[in-house]
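Listed next: structures, encoded as structure tokens.
Each of the next two complexes has chain A plus one other chain: chain B in the first, chain C in the second.
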Partner chain A sequence: MKIKKNIALSDTGFVFNPASGDSFSVNPIGLEIMKLLQENKSHEVIKKHLLETYSVDKDTIEKDFYDFAKMLEQFKVTESDEKKES
Partner chain B sequence: MKRKKVNVAVTGLNNVDSPGPGIPVVRGLLDSKEYDVRIIGLSYDALEPGIYMHELIAKTYQIPLPSAGQNSLMERLRYINSIEKIDVIIPNFDAELFNFIKLADTLEMELGIRSFLPTLEQFEERQKYNLPEFGKKYDINIPKSKTIHSVAEIKNLYQEFTYPLVVKGKFYDASVAYNADQATSYFHKISSKWGLPIIIQEFTYGTEVNVTAVGDGRGNTIGAVPMRKQFITDKGKAWAGITLEDGDLMDLTRKLMKNSKWKGPCELEMIRTNEGEIYLIEINPRFPAWVYLAVGAGQNHPEALLKLALGEKVKPFTKYETGKMFIRYSYDMICDLKEFETISTLGEL
Partner chain C sequence: MKKLQYERPLIQRLNTGLMNKFGMKTEYTPHTHIDEVSVKSLIKEFGSPLFVISEKTIRNTYKEANRAFKTRYPKVQFAWSYKTNYINAVCNVFHQEGSWAEVVSGFEYHKALNNGVPGSKIIFNGPDKSEDDLRAAINNESPIHIDHLDELYHLNELAVEMNKRPKVAIRVNMDTGVYPMWDRFGFNYENGQAWDAINKIILADKLDLVGLHSHIGTFMLSPSAYGVAASKLSDLALGIKKKYKKNILYLDMGGGFASKNTLKGSFLQGVDTNPNFDQFAEAISTAILNAGFGTDELPLLVLETGRALIDDAGYLLGSVISNKRLSDGRRATILDFGVNVMFTSFWYDHKISPAQDFGNYTEDSVLYGPLCMNIDVIREHITLPPLKRNDHVVVHTVGAYNMTQWMQFIALRPAVVMIDMKNKVHLIRKRENLEYLEACEVKPDYLKSFKL
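Take a look at the complex of A and B:
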């Protein structure tokens, strides 16, 4: 999963999808995750990074990362590595 | 560069909660870098706010309602032109377009007033009640529609449609009905205002997206900007909107312009379904009230239309800014009774 190329992501955490006109705000950790996804980092690499950076257990990371990734998918700001999502 | 002076007459000055496109069109014209435009307002009602916006409109004249017919309109335009020497006229209401299209040649030949309007055939074939045929002709998805002339026809709609469905007036107004009772109520409400027929349209689930565009009448799209409404009033009017980057919408717009050889301005109202399909739900044969967003995004459609009307060569726009927003607001003007009296009694201000 990666962030679609046309998605605008600002340093303040403002996310704009120019295809749908939708905009969202993400918190600093959300922004960090989205930037890593933009850099084509794998889920495993991102989760490892979060685990090392923040005082959090692995299960919480797994659960929260899964939720966040699903949310990004639902808001149509991501596409799978092989196939473009709508 | 010295700007060329032109006198342009514009209708649609009712900048109220269901705003007419006149004022945004005027703003676009006044932004022109090539033309020094003097605006002549044409109004139907003494309380149209544009009449009192003297910083935008040099002088306003009342004109007869469309129902008065072409002769009355022509007579009034002869008088106005004898004072104002109008170069171009831009009508902005659906209901008045038939008369202006019919008079276009006479206006140009007799009074030298130019316009750039859809042909009568284009105007008719995109009517809401002709839209399914229009879709077939130009290979564009249109939601299933049916024209009805009597409230008695509603009880049998369930045989062809599933609820919810959309009940539409022939010019304006649309409401979503979730059952036959609601459809009946909307039928009466809309037909009493806009007359018959009423159009019943399948409800298409998805996101509404609109495009403002200008065609040169030879198949070229001079400009097109897609927008999604971000804030909608209870009349369904956009109170805020944002320009989109949507190749599919642009392709469909160009296809429609090319195949129909659309002449003049138009607004395409479309629904993009969750599956990504695009359905055309309406074509308005005039600028939308949000056309100034196109100007703000880098495509001055009113100016382009002015140039087309003047017979100048217009290069198609190739880009616009995505993510440009408009946010509408209302504003209380303080006006003198004397001005209201003048427009009410003398028909000009």
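Take a look at the complex of A and C:
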């Protein structure tokens, strides 16, 4: 999974999809995840980074990351890796 | 290196054109303490969920109500409505402040007696008073508020048999311009039932008619309706004086004053719109003072308001069991208390605050209780910061009716503590356990064992 190329991501957490006109807001940790996804970091690398940076347990990260990723998918700001390769 | 505080990652779609004129309503302030006692320490010591009563708030609210009425009318008496919250410690705070007791059942009546309230200061209301209840009330000279003719005739019989003259009032229902009209209790004013009952009492000369009582509704948002009720009761009292040369000693305006809660479906917050004690006091006092009583014949004004006196003083502390995502993408949070202990969530959109610090980001959520029942919804829509498992929340304004209407259903009822005037915490009702639950059960011998 990675963030679509046309998605604009501001440092203040404002997300804009020029193709659909949809805009979103993300909290700081959500922004951090989106930026790492933009850099093509894998899920495992991102989760490891969060675990090292924040006072949180592995299960919570696992659960919250899954939920966040699903929301990104639902809001159509991501594209799957398979799609990119094809 | 110290790790950063974690907050669940959030993304929200920004919608235009949907915001109302008040902007997004968010509980931005964490409610970490109640009367300077930390929520965390309360839950640690007494478990979660937990009801917390602030004695300071009760006394302050009572004083506010007392001031509102006593500065407008010379003779005022409050009677604590036991059904609103009959935990003894709570009742006794009101009795210490000078409240009589107002009860609607035999067990409430005996609770008030056990609390030390003199019988003559226990007002006995309600449609269901057993013969034993009535005998006790007659012996203790408690004012009995007659609800129906069967009760009136029964009291006449008991008066003869016991050779006593019971003190009675009649409950009067009436049209005060509000809907629904509570005509199931007492005798109707407009169609003459009330006069009929008064004539029967006075002409039979077995009961001492000392008062007139009305209770026009619940969570009343219109003080003027009380003005109408007070005028109609005054009219009856003056009519009795004219016809029978008999003074009515008190007018009991009942209760029903709205608290600061927000009714479901309300556009504005209750705290901003609901009438205060001054508005109710102004409507009632003005109506009685203008009715035509002589200055030495003004009846005592009795008030049985419960909800408006105790609601603000009650808090419910709880914890997050889990977060989940619903099929339509909405966030759902499951809490460890539900409609079983917070009955009023059927009526109100309760204010719910997180009990710990959080960032600036919030999300729309549905709050569910822990019951395995679809109806267990605490708030259908609320904007809260991201809560995680074991985080705590504080529900505000739950002092009225929850600790009496709570259900022992699926989960056992939680403990109740009171924070006193010096911020010391007292356990006033223990958390229920299985032994308590089964204490009233009887298992027949043939059902004591089985093989599986």
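The working rule: the second predicted complex is superposed on the first by the 83 of 86 C-alpha atoms of A that agree within 3 Å, B and C clash if a C-alpha of one lies under 4 Å from a C-alpha of the other, contacts with A are read in each partner's own complex, and residues count from 1 in each chain.
The criterion applied here is as follows: a contact is a pair of C-beta atoms (placed from the backbone, for glycine too) under 8 Å apart; a residue touches a chain by one contact, two chains touch by 3 or more.
Quick caveat, the model's predicted, so the values are computed rather than measured.
Student: Quick check for you: in the superposed arrangement, does A:24 touch first (chain B), second (chain C), both or neither?
Tutor: After superposing on A, A:24 lies in contact with chain C but is clear of chain B.
Student: More residues of chain A are touched by which chain, chain B or chain C?
Tutor: C
Student: Tell me the contact category for A:12 with respect to chain B and chain C: first, second, both or neither.
Tutor: neither
Student: Can you list the chain A residues touching chain B in their complex?
Tutor: Of all residues in chain A, those touching chain B are 6, 8, 16, 18-21, 86.
Student: Once bound in the complex, which stretches of chain B touch chain A?
Tutor: 207, 227-228, 230, 241-246, 274-276, 322-323
Student: Can you list the chain C residues touching chain A in their complex?
Tutor: 3-14, 323, 325, 329, 359-361, 386, 388-389
Student: In the complex formed with chain C, which residues of chain A make contact?
Tutor: Touching chain C from chain A are residues 15, 22-30, 33, 52-56, 60, 64-65, 67-68, 70-72, 74-75, 77.
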